[in-house]
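See the structures that follow.
Shared chain: chain A. Partners: chain B in the first complex, chain C in the second.
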Partner chain A sequence: MTDQSTKPGVPAQSPPVDPTLPTDTTKEQPRQSWWKSDGAEPVRRNLGLVGVLVVLVIIGIVTRPELYGNASWVTDNVWTILQQASAIGVVTVGMTFVIIGGGIDLSVGAIVAVAGVWSTTLATQSYGAAGMIFTAIVVGVVVGLINGLLVSYGRLVPFIATLAMMVAARGLAAQISGKQTQVSSNTTINDIASTKILGIPMLVIILALVVAAGWVLLNRTTFGRRTVAVGGNVEAARLAGINVRVHTVLLYALSGLCCGIAAIMLTSQATSAQAAMANLYELDAIAAAIIGGTLLSGGRGTIIGALFGVLVFSTITNLFAINNLSTEVQNMVKGGIIVAAVLVQQFRYRSLTQLFGRKTA
Partner chain B sequence: MTAPDGTPQQPAGNEPAATAPAGEAVRKGEAVLKPAGDEPAAGEVVLKLEGVVKTFPGVRALDGVELEVRAGEVHCLLGQNGAGKSTLIKVLAGVHHADEGSITWLGEPFAPATPQAAMRAGIATIYQELDLVDDLSVAENAFLGHEESRGGFLRRGSTAARTREILGRLGHAHIPPRRLVRSLPAAGKQIVSMARALSHDAKLIVMDEPSAVLAHDEVENLFRIIRELTSHGIAVIYISHRLEEIRDIGDRVTVLKDGRTTAANLPARSTPTRELVSRMTGRTIEYVFPQRTGRATSGEPLLEVEGLTRDGEFVDASLSVRAGEIVGIAGLVGSGRSELLETIFGARPADAGTVIMAGKRIRSIGDAVRQGMGMAPEERKSQALLLDEPIYRNMTLSSFSGYARGGFTDAGKEKEAALRTADQLELRPRDVNRPVRTLSGGNQQKVVVGRWLLDKTKLLLLDEPTRGVDVGARAELYQVIHDLAAGGVGVLLVSSEVPEVLGLADRVLVMREGHLIHEAPAAEIDEATVLDLVMAGSLMEGEPA
Partner chain C sequence: MIDLSRRRILFGGAALGAGAVLTACTSNTPSENTQINTNENSDNKNAAPGDKVIIGFSAPAADHGWVAAITNNAKAQAAAYKDVEFRSVEAGADAAAQRAALSTLIAQKPTVIVLLPHDGKELNSVGLQAMRAGIPVVNLDRAFPDRGAYRLQIKGDNFGMGLAAGAYIGEQMKAKGISNPIIGEIPGIDSLELTQERTRGFNEALAVYGFKVANRRPAEFTADTGQRAATEILQALPKIDAIWNHDDDQGIGVLAAMNQANRKEFIMVGGAGSKQAIDAIKADNTPLKATVTYSPSMASSAISLARLIGQGKGMSDLVELQVPKEITLSSETITKDNADQYSKLGF
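Presenting the complex of A and B:
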């Protein structure tokens, strides 16, 4: 979205337009304002989600005006929303890469659980905070690698491979923990969730760092370019000399890495880990990525959009919490929002003229 | 947004009655064509389009189309890619809806809201990419969307019987109605598409490049069916890039350019080619191959292929390409030529034999690309392009790592390089930020070729480089290929169009049923000989390997 050269006219560094150009190209350029151009597409999409967020905040203000009168409560509540979004946000960044790369990872919640449980066994805790973080990340990456190898070299459909991993990894987490909640007695780990730097909670900083790294990785590196190519047209990528198999493995490993990071964040928040942690994270992460504009078929998507998707969900959760409403209603609303968001996207792709043209024709 | 600024230059409402001069020139100052004597007995006008306009955001796809189709005629639509042919047939099929102008079908105003409505009205469309369901049977496909049923249960027996009857009318009674469409060859699938059209009792069948997927003898069969249909009063709109087909099957021709009708109702058989081409391009071009300078006939081979075999595809193929040499392989679809090319590129594993490029053995695509090989595959859209990505990213798909520093891409440098290559190839429009989807077929092909130019490729493998590319853009592509060879790039080219192979290549290989059966310098072999070898192999004087 910082791609300035998508503005109308020719890029600044290029020489003046050749007068022998066919007239059709010069004719249609003034008609395309920057706002309608493809370069502005992520901006328009994210503005829509920002709009949803604004509406949610207005609903909050209308339903609980007395809370919103209190400035310090508002600040605290914003941090609460962001902290709740942090672990799932990190997972969503990994998920977004996998989906843009043409895959899907149903095992993220289970990977978080295995990584969390493994890093909080008494044996692991004896190695201290560094040992726990190291364990969570290694476990996450290794499980992700297995996913990737199954998809890439085992030629399993990603849905099946990661569905199997989802079941198996939850089982492994239950096995390791003996179905018990494992309390973390490591104060360094436990303090992560309560630490603030310059008034910003540590978890939010971690989320921001992961999102920033994810954005750079997707938009500014060869890894990101390969991801879009592999997801957009796997055959074209292959025939262009991109090693599609290796890249696919790396994508799932990246998702696993994000799960490992999220495992530590969740463990710190709860000061414990258990086999049932991060339940249904796969659905939340996929939903956030999709309403953030990532194409489920791959080849297109944005990290920022996915982040907004996560924020919309955690804001809804918060809205229901401050109104003391049940989670059942909340889930129904969430489902509606997913459908609405995807409908809006399709609407835009089919373009307004086409839709209206049908009525008037 | 649809201001009526696109008033066609042809006077609206001009009634081209059967006696009016056919092929009225539209642009002033041009000679009016004489009505031809070989015009068929005129059926009544079934379809009439006047001043049809269709606008998409940023593009005026149709800008005043005039078209008149009579019962029982084959009406050919001619135009370059991007001239609006596809949009026009989608308007007729009810996929798109005209913004302005009038469409009259069987004397009534016609504006189908959906493809189903168009079908019900009697207009069937057979798209280039056949829209069949591979895992349904022939009969189920023929009656898809209007299945015969009673109380919600399918009447399989009577459906099969009706399908058999329709296939019989098409002269293909031997196709079993219960056979899965997946198992049919391309020609068979096309028959099923036509059966579907007839199952709707279509009075007009629109065929979008039906011959593109067919081998030579299958085209003959297609024409036989079309003649059978028209003899029963069914009108056919036939779209093709091959002029000789239009001469063979067509009755009248309407030419589109930039969304406008530039000539209507020209006689298909007698209008000179030069005339047709100039209506399509707005300029008279000689459809010839550029003069080749400095043919490389000596020097070390760049590529050496020895005894390459893939079971069931091709056997014991040996060939070599020198730097600056253009080697052409002539062969039909299914002769194993595309498979051979892909195996040389490392995209398919070989069962036997070796590929050596610049002294190194090639076993994978990675090896091939590293040794300076590049390939423009047969299916541009599905095998080569990221349609929604900008031109420059498609061009740098194989080389973006080379512009990157420490894993970080450099979009600025990529665009600069892509723009240089775009200019070299005369890519239009000259805006590398545009998504490739918005380009015409010829320009998309240039993007694929441009990709390998950027990558400093030493050997380019081209599989049907001009497939779906219009006449004007073809000549440009031929020039590009010659320029590449003149610059020392070796080219190995595959085409089912014999004149193309002969016109471009220095050396010609003929491939038939998996065997390279003949090799000769292009100057020493003529079209008839190659065609004979390609189709029958009767000469068989080249060593059988």
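Presenting the complex of A and C:
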């Protein structure tokens, strides 16, 4: 697995050093191995999530050996889990950027709904698949931009701004659709969900592309470094010459873009869109980002971790389904996993601040 | 140079975005598909214009085709009568908002009130208030616990839906000679009482044949959750004989999932009776072979009965001089054979 850690040394409580400057804690503590170092923390965490996935698969094998004994079923199941994770996975990538940048986006589910509904009106459908995709993406980006403007220039707390957008966008979606389920009669759009390229479902390819793009953007571009800086310490970021306002607007627009892509994926899967679609996606996306190691206060997080977070949820759902266990218990287990992940995070966080305390003493 | 091209891109994007705005504004001619009784060529004495009746109406603005059909039907049925004035109030987002809206309505003194409450328990007090003010209340579908809170209650039969779906699947399996069928169930929102009623009826009917549900994955009455739940069931059960999906709206997603997984070795039964489901049954090119009704036509009937109550008339086929207090619609099974007959009732 690749190390795609964020820069160490920028937790929220760190002294206001310029967070864009690389700090190398491993050099200052030669006794510690790389593995134990702060920089390897996301890798350890991701390995932990892989461990959780392995445990889930083992439980599956033990409880349903007759299913797991069939190789073609297993292949099918892997694709199914990934496909079920695809739309929410794309939304989570956008959400992860917003949270790392110190914000939160509660309106993602509503944006997916409004983009989905808008792109499946009879009028939009008359423009064909390209028109539908274009509309979904433009609607997603524009709603995201409005979020960003409200947060950065309107000075609204992200929680409030996006909560308001969540309510308003659902209302807009209901208004456009007239509360009806809008069926997509565009076969190109509908076929996205059933098409496979070289045996890989199209939806999984889209997810992989979005995750790869998100990873590059976060880890290999100035945009990504700025996102970490803004989320870690706004004041320091501003003093370092980052245009924090513009950057914040871009982050929410990016989240909106992801929602627009997810809207097309979900529309294709359901061959329809309606105002209540993608219900509570905001909570699933936040939860996935958090158990993937993203700090809710910003400044730290990884795209791969968030992807694993989504996969853990998707695999649990699959595990409960193949054993015909009730969804009530499933939700309790999901809640437990979120709590466990945050507890682990706090533990890591505490040991980090201790580390810093020792260093400055 | 870079700045200029960026500006150009932004401008172009904005222009195209505006195009998208216009697109939606001119969109969606809503399908005027209502199920009403126009009393055409009818010698029904009650249909003749009588005393003027003002009917106050309130239904939640939920995001579901069924609730939308309830409102559309009520409006259309009221318009079909020359002696009915229809006053609709927005029910708002929740029970409290609907309570407030209804208080305003009561103050206007309509002859009769027809309402689909957000929640029967929470709107019970409003029913009592109206009845005490001398305004008869027609409760649509979600019962008030207090029997004094309504003059007439007209509702669907959730338990009966499950019973009808189970009986249809049982008979089909028997006809095919499958003695131990693998049956899947996709309910709607699982915490709702109506969902539990449907499931109880389904299990009871299956038990008559000695059958059991092998896997049950709830959705949320939306197409995307229907697709999700169906994908899970198809993955959990490599071979299936029958599936009952409680709701035709989420059924759009269920059928999509079957198509995506390329599975059609089973029969599927729907629920509610949407126009789309009835069309699919008629076309007979999907696993959907039947649907059990829970028809929003009850809203049309509620308006007709509210009019009779307002005019002090009874149902002419019955002996009683007044409209009965409770009516429960029967859940009917729509198959290929009778789909034509029912297509005008699809919503």
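Going forward, the second predicted complex is superposed on the first by the 318 of 361 C-alpha atoms of A that agree within 3 Å, B and C clash if a C-alpha of one lies under 4 Å from a C-alpha of the other, contacts with A are read in each partner's own complex, and residues count from 1 in each chain.
Methods note: a contact is a pair of C-beta atoms (placed from the backbone, for glycine too) under 8 Å apart; a residue touches a chain by one contact, two chains touch by 3 or more.
Keep in mind that what you see is a predicted model, and the values were worked out from it rather than measured.
*Asks:* Using the touch definition from the top, say if A:Y127 reaches chain B (first), chain C (second), both or neither.
*Replies:* Touch partner of A:Y127: chain C, not chain B.
*Asks:* Please indicate which partner A:K196 is in contact with in the superposed arrangement: first for chain B, second for chain C, both, or neither.
*Replies:* It touches nothing on chain B or chain C.
*Asks:* If you stack the two complexes on chain A, which partner ends up touching A:G241: first (chain B), second (chain C), both, or neither?
*Replies:* A:G241 contacts chain B only, not chain C.
*Asks:* Considering only the touch criterion stated at the top, classify A:A229 as touching first (chain B), second (chain C), both, or neither.
*Replies:* After superposing on A, A:A229 lies in contact with chain B but is clear of chain C.
*Asks:* Share the list of chain A residues that count as touching for chain B in one structure and for chain C in the other.
*Replies:* In the superposed arrangement, which is not itself an observed complex, chain A uses no residue for both chain B and chain C.
*Asks:* Chain B touches which residues of chain A in the complex?
*Replies:* 3, 5-6, 10-11, 13-14, 17-18, 21-22, 24-25, 28, 31-32, 36, 38-39, 220-225, 228-229, 232-233, 235-243, 299-300, 351, 353-354, 357-358, 360-361
*Asks:* What residues of chain A sit close enough to touch chain C in their complex?
*Replies:* 67, 70, 73, 76-77, 80, 83-84, 118, 121-124, 127, 131, 134-135, 138-139, 142, 174, 176-183, 190, 193-194, 266, 269-279, 317-318, 321-324, 327-328
*Asks:* Give every residue of chain B touching chain A within the complex, in rising order.
*Replies:* 1, 55-60, 96-99, 111, 113, 258, 345, 347, 365-366, 368-370, 375, 377, 382-390, 393, 397-398, 400-401, 404, 407-409, 411-412, 415-416, 419, 428-431, 433, 435, 451
*Asks:* Looking at the complex, which residues from chain C come into contact with chain A?
*Replies:* 13, 16-17, 20, 23-24, 26-31, 61-65, 67-68, 190, 214-218, 220-228, 231-233, 235-236, 238, 249, 252-253, 255-257, 259-260, 262, 276
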